[in-house]
Structure formats: C-alpha cells, structure tokens
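Read through the structure below, which is laid out as structure tokens, and then see the notes.
Chain nomenclature is as follows: A, B and C, assigned in order of appearance, with residue numbering initiated at 1 for each chain independently.
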Amino acid sequence: MTRTLVFPALFFGALALLPLMTDDSYVRHIAIIALLYAVVVSGWNITLGFGGVFNFAHLALFAIAAYATGILTKTYDWPSWTGIPVGIGASVIAALVVCLPVLRLRGIYVILVTFGFGQLCFQFVLNQRELTGGNFGFVRIPPLKLFDYSFRSDGGIGYYYVALLLLLITVVLIHRFVHSPFGWRVMALRENEPYAVARGIALARVRLSTFAFSAIFPGAAGAVYAQYVRSASPDMFGFSFLTIALSMLLLGGVGTIWGPIVGALVFSVFSELMTPLGPGRYLVTAVVIVAILRFFPKGLSGIPEAWQTWRKRAHAGRDVAPQP
Amino acid sequence: MSLLTVSNVTKSFGALRALRGVSFDVHRGEVLGLAGPNGSGKSTLFNVLTKIPVGPDSGRVVLDGVDLSGLRPHQIVRQGLARIFQTETDFGALTVIQNVLVALPRGIGRDVRLYALNLLEDFGLADQADRPASEIGVFDRKKLMIATAMACAPRVLLLDEPAAGLSKPEVGAMAKLIKQINRQDVAIVVIEHVMPLLLDVSERLVVLDFGEVLAEGLPGEVVRDPKVIEAYLGSEAQAHA
Amino acid sequence: MDFADGALSAFRAVFASGLVLSSLYVMIAAGLALVWSTLGIFNFAHGAIMVIGAYVAWTVSIDLGLGQVAGLVAALAASALIGVAVNRLLVQPFLAQPNIILITVMTTLSGAFFLENSALLIWGPRIKQLEKIVDGNVFLAGTAISGHEAVIIVVAPLMMLALWAFLRFSWTGKAIRAVAQNREFAELSGIRPERMYAIAFAISAALAGFAGVMLGAIRFITPTLGADPLIKAMIVVILGGLGSIPGTILGAYLVGFGEAVSTYFLGAYWTQAMMFFVFILILVIRPNGLMGRE
C-alpha cells in the first residue's frame, strides 16, 4: 500500500511545487491546459479504455459543459462557483442522452452515432446565435471567484491549483472505480459482452452508468476551462480537437489509470516544443498516432512491461547454457 | 415436479428452421442429458432459452412458475437459469476471483470476497484467486466458467459440452464436479458429445434431430431406440458421403 | 404573385439546388461506399483527399497555367496516389487485427489530420477557387444554374453508371467484388487481394479528387473544405445501407433533395441540425440503412 502511493505522491508533489519553480505565465498557461486535458482524457478512457465503447462525443461533452457554464454564469448571472456543478450536470445529462442510441448499436455504428451527436450539438451552437454566440464563440465568461478572491489574480495561479485538484480527484475516483465491483462489471462487458450478460450483468444499466461516470470529468474540466480562458468556441466540437485528445489517450495507453494522464502531459510538452514547426507539428502528431497504433499498441504504459520482458529475456539468456 | 418447462419453442434463421416446436421438462434436482447429431439445434436451444443473443420466435419457457418471455437476458440469469458456453470464456483482464465477484447477485451478505473464495474452493481454484483469468490453464478456465455460473445461484444450469477438449482424467473430474453441483439442488441440462460422460451423469436423455425432439427417456432405453440410432448413423453416413 | 406561382418557383429553386447537391454527394459517397464494401472500413480521410485533389488542380491549372484538362488529370492522379498510400500505410498494416474497423477510424482520422495540415503548409491559409469548366448559365426547370453545375448534374449519373459497369463486367471489377465477398476463396482463384484493395482505394480516391475539382469551382477551397462533404457522404452511405451502389445513389439523391427542401423552408442552419437528427434516428431505427436488409 505504501509503495503504491510513492509514485502518485511524487507526481502530485512535483506538480504542486511547479509554480514555485517558475513564474513564467506562459508555462503556467500551458500547464493549466495540460492538466485539464489530462482530466478530460482520463474520463474518455473510462468509456473507451475500460468500457471498450468508442464514444466519439466525449469531447462534445467538454464543449457542452463549457457552453453551459458560460451561458448560465454570464447570461443568467448564476454565481461563478456554480460553474463546475453546472458543467458536470450538463455533461452527464448529455452523456446519458448520447448513450441511449449507443445501447442499441455495435462497432462502427457507435462511432457514427456518437460523432453525429457531436455534430448535432455543433450545428445547434451555430444555430442559436443569440444564446451561444454562434460562429464567433461565447465570450467574456465571468472568471471563477470564491469569497472575493478572483482566480484571475496572482497570474492565474488559482486556476493551476484548481486544475491540479481536479486531476487529483480524477485519479482517486478512477482508482476506486478500477477496484470496485462496478468497475469490474464495466471491464467484464468490454472483455466479453454475451458472457457478461450471461452472468447477470445488466448491460443497459451498467453502460448508462459508465457514460454518466465518464462524463463527470469533461464536465468539470469544461467548466474550469470556460472560466479560465473566458470563452467557449464551436471549434471544440471539431475534428482537430478530437484528434489531439485521441493521440494523448493512445500515447499514454488506454485502459490504465496513469496512461492517459502521462499521455496528456507528455503530449502537451511535446506539442509546445514543436510550436516552431507551425502546422507541421500536426503532421508529426498524425504520424505519432499511426506509429503508436502500429508498433506500440499499449502506448507509454506498455514500456514497463516491455522493459521487464526484455530484462527477463536478457537474464534467461545469461542463466541458461547455450544448447550445443 | 417440473422446474423448467419448455413448450413448443421455435427458432428460424432465414429459411433455416433451427428449432421446430421443441417441448420438454426439466425436473427438480435432475441431470438431463441433451443429445443429438451436429446441427440438430442443441446449442441454439440453450441460446434461445437464455436469450443470448435472442429469444425464441414462438413458444413458452417457464422457470418455476415464472414465464421468461418478458424478461431480459440478465434478468433470466437472476431468475435462476444460468449457462456455460461451448468454448472456455472468461473476463481475461480480471482476476479469477473478480470473474466470480461480478457474477454474484446483490445482497449476498457482507463478506462477498469470502463467499467467492469458498465458491472457488469448491472448484479447486482458490489458490489461483488473484491471478488474471487469462493466465490459468484450459481446464481451470472451464471450471471457472462453471464457477461463475454457480455464483449466479442458478436453479437450472445449462452446460454446453463441458468435456470438450479435456483429457481423460479431466473428463472424470468434470463428471464428479457435475454430480457435486447437482447435489446442491441444482437441476442440470448437459449437452455432450463425450458419450461415456453423458451416460454417466444423466438421469434422463432428450435427443434432438433437425430441431425436433426425437426421443426422450431413460438413457439406457434411448440409446437403443432405432430412431436415435438411425439419426446418428444417418448423419454420420451423410458426413462420410 | 399568387400562391400557385409561389409554389412553382419554390419547387424550381429546390429542384435545381437539390439536383446539384445530390450529384456532388453521389460522387463523394460512391468512393466511400466502394471502400466500405470492399474492405469493411470507413475512410475518414476521404474528404481530405478530395481537398488535395482540388488544390492540385488549382496549382496545375491556375498557378502553373497549364489549363483545366491538365489540372483535372493531375488532380485525379494525385488523389489516386494518396488513396493508394492511405491504403498501404493506414489500412493494410492493421487488417489482421480483430478490431480493424475501430483502429482504421483512428488511423484514417489521423490521415485526414495529416492531409489537411499538409494542405495548410503547402498552399497556405488563403482561400482559392478553381475556374468553372463551362461558362454561362443553363436553364433547368425554369431556374438558371451555371453551366458548371449542369455539367456536375450530367456527369454524376454517368460516373455511377461507369462505376457500376466496371464492377459488374470488367475482370478487375469482378475481382474486387470477389475479394469483398470472400477473401480466402478469391485468393484460391488466383486473385491478389492486396492489389484489389489498392485498386479499390485508388478508384475511390480518384472519385473524391474529381468531386474536389467540381466543388472547388463553386465553393472556396480551404484545407477543411472536405469535412462537411465527408459527413454528408457518411450520412448517404449509412442511408443507402452501407456499400451497395444503387443504395448509395438513392441515399445521395434523398440527402441532396432533403437538404434543398429543408434549406428552402427552414433555412441553412436548421437544415444541418435536422440532418444529423435524422441521421441518428436512422442509425437507431434501421442501422442497416433504408435499403439494407435485416
């Protein structure tokens, strides 16, 4: 137990100290976005990695949460602290709606219907210009404020810790999920659906719960994102955003707790380093996705295992005398 | 006394009529053997009884007075009708004990892990409880599949070729296991091509041919029935032709 | 203007624009359907290939000033080549995997991302437009449409006829269908499946490239021009029951006319939303498409 806590403690300890090491506002901005990405992608990993269901509307949930937060706290003057609950609520409701058709479908149809849902939301946002700002996005969202402390002050350090706290909660919740009967049922359905049903697992109920649970994370992250960058844009429903999140997930490794988090952070740093390349970095991104799928299907989280088999083989080579 | 009543069950796949009005009873506490040539509809029968993937086109299935037609597949399991598949099936990424835990109904009591361990003990799998299910042996995976079925607390257990691919000593162990389960007041319907096992465990036999019940009765009588011999020989003659 | 006149002019406008849209969708969706029926995968890079076709035509015909024919030929060659590359790099390496459909969604999505950003790098963000194939206007059912649009309307069914005849009567076409139906059996009869896959992909991509050239003269060419037609083509293919040529044609004309009617009465914004709603509805009610069998 203590040993398993070493890595998380070091990880979060280092991240908590990061603002003390640099007060560069650009670095802080990248860090906040990367942490929010990690939360969103971890949530996606619940349906895609643990559940084996390709929900291509996951990023739409993030966008929906951002819009819901923006609209309610700006247009309807809800206090800014309601942002996160509103984001989660909107995201979970949307996830349940998108899950209903998914219950009846398999394979490619799940991708198409979830993708279609995202596009439907996108069209709705463009359509309802008065409500959403249409093409130009929804701007000037009120920043997060608690007890007269505006999170915009002190160079946005408050947002950094909110995002870090979200990630910590994410890790705790997903860790509990993976070690709970609910989590096992979700994985059982992924492993073999007919067998799982033949063992009394209620497909519809478990799948709806899985979608709702996974929607909490883009919901919270979408709300914080909207309050941090103070806008929500229709681009959040687009292909590019989806592709970037997907590469983070694949880079880290699906179906593991830390994979998507490490993937999101590594990818963000990587992506920043490539900024001088301009659009060229997206070419690298695309190549990286295909290369991972082709050569490292387990992503970064497959490295320890590969390392161990390599060491085992090296040991075996030394211990066993060569055959004549 | 009839525990499971199957009456006039039919199932077609396009032009193929896989089951043509199958009726039989499973009595409380018995082991019923289900025999028949390949393609006679035995596995299809298990599939439609459990609605995995779909139920029958027509006909009624009643388990202990409850009509199963309105129930969804997982509810049928919870009603007390569990099955195993022909090939070893497991949740490979989960541990052996987690395979059992996901199958347990709610309200088993406080210490579910102990309950699951006891169940695994009955199948000689307790010492492998925390290994991933994908890493245990073939016979153990077969036993695990039966153990997870037992975790559903069934009153009727449907076994589809439990001895397929097993060695001779393992077949003997499987026969013992089936009898042991049967002693816990679980009625069993078993499909099996390994005839010695089928004759050893079954108290009654139902023979299917072309989706119909061809014969039903005591094993010793049924295997001497000319119609049954004809069906088996006929299908073999066709297979050799 | 009395009511009958109003209805008539509405009908005319809807008819003309519906026919143009349908014809474009047929060209784009046919390629998507061909790959789906041959390999059982959805090529998300299909729209991006179309865009590259339009850009190449622009470079050759306008930038280099070599004329429209050269531009069209170059566009077809370039898109076919990209199609072969997509097949070779993004599809073939994964064919043996059990969840090939899902993996190729990710790989071809990456391919689309790659192609779109390549276009941005090569041709820059400034919008471009191709010249129309024919100048002047044509009157169709009492409505003026451009000669270019008239060409699209006429060429689309001819192309479908050619594709149908190719698949039906030529040796290669029959071989492609054989591979699609039963790969092992086709292999036993001496057909090389990899080759057939490559050819199917090349034809599919060339169809996309052609559509790109046609579209590039009536819309502005941008790196993301392909996204919207791709999504429409997907709706068409689903509606048509995944893969059959007649189904795809029917689907394309349904979507095209549906879009035209809806745009006329509900406006462009509601129409797009409506289309996705109908799309989801069809997926849920009849996942095998309107024409597909159970």
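Just so it is clear, a residue touches a chain if its C-beta (ideal position, glycine included) is under 8 Å from a C-beta of that chain, and two chains touch if they have at least 3 such contacts.
These figures come from a predicted structure and were not determined experimentally.
Taken as a graph of touching chains, this assembly forms an open line, each chain in contact only with its neighbours along the path. Highest C-beta contact pair count among chain pairs: A-C.
A straight line joining the Cα centres of chain A and chain B is 43 Å long.
Between chain B and chain C, the centres computed from C-alpha atoms are 50 Å apart. Distance from the chain A centre to the chain C centre is 33 Å, each centre being the mean of its Cα atoms. Residues of chain A touching chain B in their complex: 181, 184-185, 187-188, 190-192, 194-203, 255. Across the interface of their complex, chain A is touched by residues 50, 52-53, 72-75, 77-78, 82-83, 85, 89-94, 98-99, 101-103, 105, 148-149, 151-152 of chain B. Of all residues in chain A, only 54, 101, 104-105, 107-109, 111-113, 116-117, 119-120, 123-124, 126-127, 238-240, 242-243, 246-247, 250, 278-280, 282-283, 285-287, 289-290, 293-294 touch chain C in the complex they form.
Listing the residues of chain C that touch chain A in their complex gives 42, 89-90, 93-94, 101-103, 105-107, 109-114, 116-118, 120-121, 227, 231, 234, 238, 269-270, 272-273, 276-277, 279-280, 283-284, 287.
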